[in-house]
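Worksheet for the structure shown next.
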C-alpha cells in the first residue's frame, strides 16, 4: 500500500472522532487514530482503555498498546476493567468505540481468532481480548482495517470474535445486544462503508 | 442488669473469638467484643467491616460504629462493600461473624426492623444494614444480645431482618443459603445457647 | 490540557437546578461522607415530595423526613449513627405518620449495593444474598420488582437476583475534585464507586478544589471520572456531623445533640431553626459550630496531600 | 502489631512448593505486570501438564507453551504485546501441534473477568456480554459449562451468564508487600482485584518488601489483604519485559528480540538457553539484561513512595 493511501486511511478514521467525545479505543490503529485526532481537531477527547486507564491529554510517548503504561502517565483515573468494560462501555457512557477489523465480513462480524477450523486452524490469531466487548457493547462503533486484501473481507468469517450484525440485523436484539450497539462505519484504505437496515455493509464513499 | 452480668456477657462473647481468625463484626456489642478479645487473648485477629475496612491492630480510639472512621486509622486496606460482603464474607474468607440480635426467635431469626406490622409498626427499628448479609453469608456466626427481657425472645419474630434457620433447618439450603452459614451460638447475659439439627435454639451453658 | 470544565455551583444553585420537588435523588455516603449540607439546603429551599435513596440514612435522612421533604425512601438502614439513639423523625413518620406519612422500601446493604452495581453496568440483574425468607424479600411497597429468583443454567440451588437501580440523580460527598470533575475519595468506599456510576446525573460536593496535577498524582483514588460528573460544588465540612476520612472526625457531640433535640417534634423544629434556617448557608452552619470545635474535629491540623 | 507473617520464599522455592506438574495456575497481569520471572522458573524446573489461566497471554504464555510446560490454556488473548508480532510458539502449538498439542478454551476479556468475579464472590454466575453468535460461545473444549443463558425474572431479552472461575492457584505480580502479605499495586488494575480474590491459594511476587507502615499510609492501594495471601516472593523486575507501573517501562526491544528469536523452534530454544536456562535465576536474567538497559527502563531513577 502506498504511503498516501495509508495516511488517508488513518486520517479518515481520525476524522470520524469528534472533539470532546469519550472514546473507547482498541489495540493498534484505533489508538493511533485517536492520537492523530487529538493532535489535529479533537484535543478534548477522553480516551478510555480496557485496563481502566482514562487518558485526557496527549501523552509524551505513543503507547504501543493499551497496556503499554506510558498511556497511564498523567492519567486522571486508573481504575479496572469492570469500570471500563461495563460501567463505561456497557452502560453507554462511552460515546464512540473504535476497533480494528483485520478480517471482517459483510455483516460487520470481525475475526481475530482463527482462519480455518477452530481446533486445527490454518492461521491462529490472537483471540478476543476486549474486542468482543467493544463490538458487543460499544456505542458509535467504528471499525477500521488497513487491509485491501480480498481475504480480509470474506463473505462470512470463519470465527466471530467481535460480533457485527451476525447473520442479519435482527440477530443482535434477539440475542440481547443493546440498541445503539453494533458497527456503524468501516473505514479502510479504499473508503468508508456503512450498514443498511439488514445489517449489510455498503459503500458510502470512496477515497478519490 | 447488674454490671457484673453485663461484663460476663461481653467477656463470654469476646472469648468465642479465637486468636488469629478473620472476624466480620457488626454494629454495637460485636465491635466491643472484638476489641476486648484483641486486648485479652486474641491480638492477632483481623477484623473486617462492611464498608471495606480491614483492621489488624488495636486502634487508638474505640470506634462508635463500623463507619466511625477512627476504625480505619492505620488500616492495611481500605476497600469497599463488594469486597467485604461478597469476596470476603460471602466467599467464606471470613472465619467468624458476630452480629447483634436484639430480638431473636427460637430459630435464630433476628429482627432489627419492626415490632408489629410492617406498614404501621408499634416500634420502628433501624432495618438491615449489612446485618442480613452477616446472617445470610457469614461462616461461624455468633449472635449476641445484651437483653434479658422476654420480649427480646419471641417465639417468632415479626420481621426476619437477618435470617437464622427461618422456619426450620432445611429452609436455608432449599432457599440457596450456603452450607456453613447460619447461627452457631447465641450469647446473652444469662448464658450460651446453641442450635440443634432442626435449627432450634437450646441452652448450652448458663452463667454461674 | 484540553478537558471539558464542569460548572462549579454553589450549594444553593446546585439544589435549585438539580433538585426540583418530586426529584428521585440518591445521596452518597455510608454513615461517613454523608452530604448533610445538601440535606440542609434542600430543607432551606423547602423541597417536597423527594424520592430519596440512601444506603445508610442516618441523621441526614432523618432530617429530610422530619422537615417533610421526602415522600418516599429506599434504604437499608436509618438510625442516628451514634450507638443506641434512634432516628426519631423517621420513627415518628413510620409509627405515627408525623409530620407526614412516608413510603418506605427496603433492601439489605448487600442487595442495595448489587442493585446499584447492576444499574452502573446496565446489567438486567445481579446475583445477591439469598434473602428468601426475610422481610425485605416479602415486603414490597413501590418497587415490586426489586427482587426475583432464577434457576442457574449450571445447576444448584435457586439464585436470588436484584433489579438494576439507576437513580435519576446522585449527589455525593467527595474529598477533592479538579475543574474537569475528576473526583477523588480517600479511605474506605462502601458502595461509592458503583453507586456514582449508576446515577444518570451526578453532582459531587467536594471538600476542596485542586489542580488537575494533584488528581493525576494519585489516579487510583479517582472514584468518578470527569465524564460521569455533571456539576461540582465546593463546600468544606459538607459531611459534618459524619466523618470525612483524612479531613475530619465524626462529631459525636453533635450527633448526641441532634438525637436529644429531635426526640420531640418541637425540639426538632428548634434544631432546624437554630442549625438549618438560622445558619442560612453551610458556612453559616460551620460558623455556628465554632472555630474551637472545628479545630478539634480536624483529623490533621493542615492539609497533607 | 500482631499480624500473622507470611512465608517469604525465593522464586525457586515458591515454584517448587506451589506448582507441581499438572497444577491449575492463574498467572496475573494483563500485558502489564505479567509475572514473566515465574514462567522462567517454571521452565527451568521443567514442569509439565500445567493448566494455565491468563487473561492476556503475551510472551509469558508463549514461552510456557514453547517449552512444553502447558497442557491446557484458558485465555482471552495470546500475542506478543508489541504490535503485529505474533506469539510464535502459541501459533505453532495450535496450527501444527509443535512442540506438543495444547487444549485451548477462550472467553472474551469481559466474560473471563466476570467469571473471576463470580468466583471471587462465590456467586453461581455473573451476567456478562451477550456473546451469543460469537465463536467463544459456541466452541467449548474443556469447560463445557462456561457460558449459559437465562431469562430475567424482570423481563427483557435473554441474559448471557458466565460460570464462576475459582483457580486452584494464583500467582500475581504486585508492586509492594509487607510481611503480613498485604499487597499493593499502583496504576490501572484490569481484573486484578477480583482475580486475586477468586484464587483458592495465592502467591504474590513483589518488586519490594516494605514496612507495614508504608502499606498503612496508602490503604486504598491494597489489592489483596493479608488473609488472602499464602506466600510472598520478593523478586525485583519480575514483570520484565512487560511494564510495572511506576517502576519500569515495557521493554520494547526485548519483545522484538523475543519475537524474532521465537520465529523458529531452534530460535526459541536458543532464547531459552540464553535467557532462561543460562541465566539460572531471575537476578541472573537481569544481570544478562545489563545495568545500562535496566537504568534506561526504570521509570524513575530512585524509589519515590
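As written, the chains take the letters A, B, C and D, and residue 1 is the first residue of each chain.
Operating definition for what follows: a residue touches a chain if its C-beta (ideal position, glycine included) is under 8 Å from a C-beta of that chain, and two chains touch if they have at least 3 such contacts.
Predicted, not measured: the structure shown is a model, and the values here were computed from it.
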- What chain is the most remote from subunit B, judged by the mean position of CA atoms in each chain? A
- Task: Report which interface contains more C-beta contacts, comparing B-C against B-D.
- Result: B-C
- Can you check how far apart subunit A and subunit D are, centre to centre, with Cα atoms defining each centre and the answer in Å? 26
- Item | Separation of mean Cα positions, subunit D and subunit B [Å, integer] | 38
- Message: Could you work out how far the Cα centre of subunit A sits from that of subunit B, in whole Å?
- Response: 50
- Item | Where subunit D touches two or more other chains, by residue | 121, 123, 157, 159, 186-187, 193-194, 219-220
- Message: Show the residues in subunit A shared as contacts by 2 or more other chains, in ascending order.
- Response: 72, 75, 78-79, 82, 86, 90
- Those chain pairs meeting the touch criterion are A-C, A-D, B-C, B-D, C-D
- Note which residues of subunit B are touching subunit D in the complex, please. 20, 22, 43-44, 46, 48, 54, 56-57, 72, 74-79, 82-83, 86-88, 90-93, 178
- Query: Within the complex, which stretch of subunit C touches subunit A?
  - Reply: 1-4, 120-123, 178, 180, 182, 193-194, 197, 212, 215-216, 219-220, 222, 225-228
- Message: Show me the residue ranges of subunit C that touch subunit B in the complex, using the header's touch definition.
- Response: 30-32, 56, 75-79, 81-84, 86-87, 90-91, 94-95, 106-111, 113, 117, 129-136, 139, 141, 157-160, 186-194, 242-243, 245, 249-250, 252
- Query: For subunit D, which residues are in contact with subunit C within the complex?
  - Reply: 118, 121, 123-127, 145, 148-154, 156-157, 159, 161, 163, 186-187, 219-221
- Note on the structure: The subunit A residues in contact with subunit D across the complex are 28, 49-53, 64-65, 67-70, 72, 75, 78-82, 85-86, 90, 113-114, 118-124, 126-133, 136-137, 159-163, 166-167, 171, 173-177
